[in-house]
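Down below are the structures I want you to see.
Next come two complexes built around chain A: one with chain B, the other with chain C.
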Partner chain A sequence: MAKEKKDSYLKDAFRRLKRHKLAMISLAVLIIEVLIVLIMPLFYKVDPNANAGVGFYAKPSAQHLLGTDQVGRDVLARVLSGGRISLLIGFLSSIISMVLGVPLGLVAGYYKGAFEQIIMRLTEIFQTIPTMVLMLVLVAIFSPSVPLLIAIIGVLGWTGYARLVYSSVLAVSQKEYVESARAIGEKDRRILVKYILPNVITPVLISFTFGIAGAILEESGLSFLGLGVQMPQASWGNILNSARNITVLSAYAWCWIPAGVALVITVSAINFLGDGIRDALDTSIKI
Partner chain B sequence: MTKYIIKRAGIAVVVFLGITLLVYVLISLTPGSPAEMMVGGDLSKISPEKVAEVEKQLGLDKPVFVQYIKWLGNVLKGDFGTSYKTSKPVIDEIIPRLKPTLILTITSTIISLLIAVPLGVVSAYKPYSAWDYISSALAFLGTSVPNFFISLILIFIFAVKIKLLPVSGMYATSANQNIGSLIVHLILPMTALSLQSVGGILRQTRGSMLEALHGDYIRTSRALGVSEVRVVFRHGLRNALLPVLTVIGGRLPFIIGGAVITEQIFSWPGLGSLMVTSITGRDYSVIMGITVFIAAVVLIGNIIIDICYGLADPRIRQSRT
Partner chain C sequence: MAEEILRIEDLSKEFVVKKSLFGKPQQTLKAVSHVNLTIYKGETIGIVGESGCGKSTLGRTILRLVDATSGHIWFKGTDLNSLSKEEMRQMRRKIQIVFQDPYASLNPRATVRELIRGPLDAFEIGTPKEREEEVEEMAKRVGIDVDYLDRYPHEFSGGQRQRIVIARALILKPEFLVCDEPVSALDVSVRSQVLNLLKDLQKQMNLTCIFISHDLSVVKYVSNRIAVMYLGHVIELANKDDLYNEPLHPYTQALMSAIPEPDVNHKRKSRPLSGDVPSPIDPPSGCVFHTRCPYATDRCSMNAPELACADNEKGHYFSCYYPHVLSKVADYI
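Our next item is the complex of A and B:
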């Protein structure tokens, strides 16, 4: 019975998501994009980190579709390689944030007392100090590298999930089925996993989608400042860094516009998809 | 009301101590001690005794927590230590940077409110109208386009293509610091920074305005024949603005975080630029000092918002907690 109901709920949600045109277009864009950054290097065999041998700032041509950059590297190869890194960092760090934040929110909301005080005060501390500033401090302490960026962005993202889950748990804990589970002597852990967790999954999933977009933006911001992904490895952010040179900005648009456009398309597609998922699951949460 | 403010201020102090302790401990984890940095030069030529001596001088041989308490005591006396790089007192590095950052962040917050609130009200008053779609598009632009990309585009359009606005610094010359020059220099960074907040504020205004316009008191006022303008602005907007205030409070850290990048792009001589220079130069005492000021700016901003909240909402004003 219960399973059947769950299936129909999911089916219903999918049906509603499918009707959401913008979300479906965004999903298609994202799938195509992931396929392009993963598969295209198999066909477009140009080293993103080596001089392509056609000089600096070469105009786009048949051999080098997006031309070359300030040190003669192929821009298209760099945008593809940068895309892999940006998507990887966005995805993995969001998973870390979720894995850290969800249990902390559950514990704070369910056990209350000291847990609630400590965890919620910690979220306030983390949400007061600009993430950008804390990330910069961490980057200054440990030299920036891709695993470090994933860890930093991931760890600093826990507060959103913790607060979200915390407030959902507070609402759910009052429900009769949770109280009756408690009354018949179910163990806390079982109540948490079996009765409470399923109720918070929907908002967490929505947050996770938006979280990936946020993480990609944070990584690109750091890389843009030269404090994120380090050369020679490309990332959309550090490719855009080259446009801080006014000559590149004004005369060599192919060096920076493609990375910027890729970044904007990706982040908007993820956000539109998140909007669609939210509408489809039709929860009462506000983000 | 007074009790309410005192309570909020109390929480702010706790959060402030938490932030500074967190950053202090993080910085103390740094490989390579600041003493080595201060002694400077080729590390292999410096005797370990010399390093130990400087460490003792700086109190670095004590446990981190003891160091933190000592540092905090000094900060309360206005002593933020000395920059490892320039050997100037940290406070002298920071104070001249404070005004530019405040000018940039405050004006962009005001501009984003001026754009977002009216659009949000119109969108909520006529949902699914052309205005509603335009404002959703604008909101999306703000949330999905990183502010550094917006900045680059703005520079490309307004400084390179139509040579209209300056792209770097705060004044044309340091000798001639007039307000006209400031405004001209402020336009681009302010626009870039405000766009990133428009989305969030707009969505919140639209959402809470929609809710407010469905309230019983709105129907009652309309039934009583109160003019539509009065209904929307006096009864609707006033209630809808409370959640908007909360959103601005929550956005303050992002505005300052965004300012770090924006200042860097436009060579705006504020705390953000100083932060990036200090990070690149690993000037930890300056980094620590900036953290204190940024945390203070955010916390004071939050208290101001809490007070506005209290003033706007009689339920809080009259409560005794």
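Our next item is the complex of A and C:
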């Protein structure tokens, strides 16, 4: 037997993740970004929703680092405030999707039978509906607000998790250690939580990171169409929305470039981090 | 003989391999067909047969890890097949199993301590401290160093993992243990260690065992009686010496003659069997062995012989129409 103490699977995965350069850079970028949107407003005390008093489309200056927008609001303050909203929506709605989808997938894959039929047919039905159209309809029925957006994006995202977990559970349930768990007298609920869940959680974590990026994009898409976060509250999506004409695009680039760049950086960083986590958890890939 | 502990009565298990559009079974695989077997307290009964003959399915059916299609399993007077899910779960305190592959049968995300403690946790036996003591005691008994209990199974060798599996199976002090090829996945060098451990523990704990294996020498080493299976049927059942010295069924004879002898002057006297095992999806009519049997007649392909007693005193059973021919053939071999 090896005498030295070896690390557990997760510790080992974390060590591998630390060696993954792109993932670590992305993680650093994300942490810095979150810190900036949370802490900066303490120092940069400009109301994002009020006229800054320097006119419309004012050029970047010392007082207003990124200038002002079409109604004279400070662009930097709006990008920070919008970032908080966009990240909040992305994170919370992904958690909702995961919390809904994972248990349903577990139950469908483990108990089979009627559970499997009902849950999996339901996910298939949900997946045939174009999400964006459904969102537009729902947002139009209930007046758009941030909690509603989180709920809608979250609830509509469960199918991916359910299918992912379901297929993993099918594979893991066939493993002998699950059969041996039944043989030693474990109850079904404990088998699901203690034996199956830890062995299917890896792809869920990866999917969760990608889910955050996706949710941020969905919110931006809705806001861009004017059905997401409503004025005066800023979000990256509705900042971009206000740049929807050629004059603003070409002449007042400071109004929309910061929000666009922030969005691209965030989504890319989350995706790179997700890639890194996947590589770190897959021990067959050498990092 | 001693007190009966488990009686398998006309047990069959069919797996559905093909369903019609509306879920009606169209094709079934007959893994176990009409098996009868009585097991007495304290003995080890070996079950041998080639891969796919249904021996593992038989073991799993006893524990209801797969549900039997028909038949009864009487364990000390209770029909296991009639128990509810929770009643069967309670029954698992008394009936345990050791699986073939110690790499696959341990949860990779649990420490050895958690693994061995599993059954105590599942049945909520004792206080946490008592459980810990029990785990350490059991670990010592199977030869796992207590210092290594907080490691993960992937850090252990195959033989040590199988010791962990055995510790877990025996921590509830069961009365009956199904060993499903417990040493097949192990190196030859550690096989005997694990076999001896099993034998010692069996004696100490007064266990009754079913020992499933395809390895005739392993089965001979551990068993008192041996049942030979072919295509889901028990075709011969005898005390181990009788079975090895005078096998009656032509299939058993073929198996015995196929045991390698470590002797350069040894000449193989009988012909090895020709052909392959027929598919259990569409087993032959009559005696399932007739397609490969050198002595088969029309009668064999029409009707299946019952498991008959050759010698009441010795308890030697076989299912063949031509025992006299066979015993002569046995002499010749």
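Please note the rule applied: the second predicted complex is superposed on the first by the 275 of 287 C-alpha atoms of A that agree within 3 Å, B and C clash if a C-alpha of one lies under 4 Å from a C-alpha of the other, contacts with A are read in each partner's own complex, and residues count from 1 in each chain.
Going forward, a contact is a pair of C-beta atoms (placed from the backbone, for glycine too) under 8 Å apart; a residue touches a chain by one contact, two chains touch by 3 or more.
Quick caveat, the model's predicted, so the values are computed rather than measured.
In the three-chain model built by superposing on chain A, chain B and chain C fit together without any clash. Using CA centres, the angle subtended at chain A by chain B and chain C is 90 degrees, rounded to a multiple of 10. Of the two partner chains placed by superposition, only chain C is touched by A:Arg190; chain B is not. Of the two partner chains, chain C is the only one touched by A:Tyr177; chain B is not. Residue contacts after overlaying the shared chain place A:Val137 against chain B, while chain C stays out of touching range.
After overlaying the two complexes on the shared chain, residue contacts for A:Tyr57 are found with neither chain B nor chain C.
A count of residues in chain A touched by chain B and by chain C gives the higher number to B.
Once the two complexes are overlaid on the shared chain, A:Asn199 sits against chain C while remaining clear of chain B.
By the touch criterion defined above, A:Tyr252 lies against neither chain B nor chain C after alignment on the C-alpha atoms of chain A. Our summary of the superposed model lists a minimum C-alpha distance of 8 Å between chain B and chain C. Overlaid on A, the two complexes show chain B and chain C touching no common residue of chain A. Taken in their complex, chain B has these residues touching chain A: 11, 14-15, 18-19, 22-23, 26-27, 29-31, 140, 143-146, 148-149, 152-153, 155-156, 160, 167, 207, 250, 253-254, 256-258, 260-261, 264-265, 275-276, 278-280, 282, 284, 287, 290-291, 294-295, 298-299, 302. Chain contact summary for the complex, chain C toward chain A: residues 60, 63, 65, 89-90, 92-93, 96-97, 99-101, 104-110, 118-119, 122-123, 145, 148, 151-152, 155-157, 160, 165, 168-169, 172.
Residues 1-2, 5-6, 8-9, 175-177, 179-187, 190, 194-195, 198-199 of chain A are the ones touching chain C in the complex. Those residues of chain A that touch chain B in the shared complex are 121-122, 124-125, 127-134, 136-141, 213, 217, 220-221, 224-227, 237, 240, 243-244, 246, 249-250, 256, 260, 263-264, 267-268, 271-272, 286.
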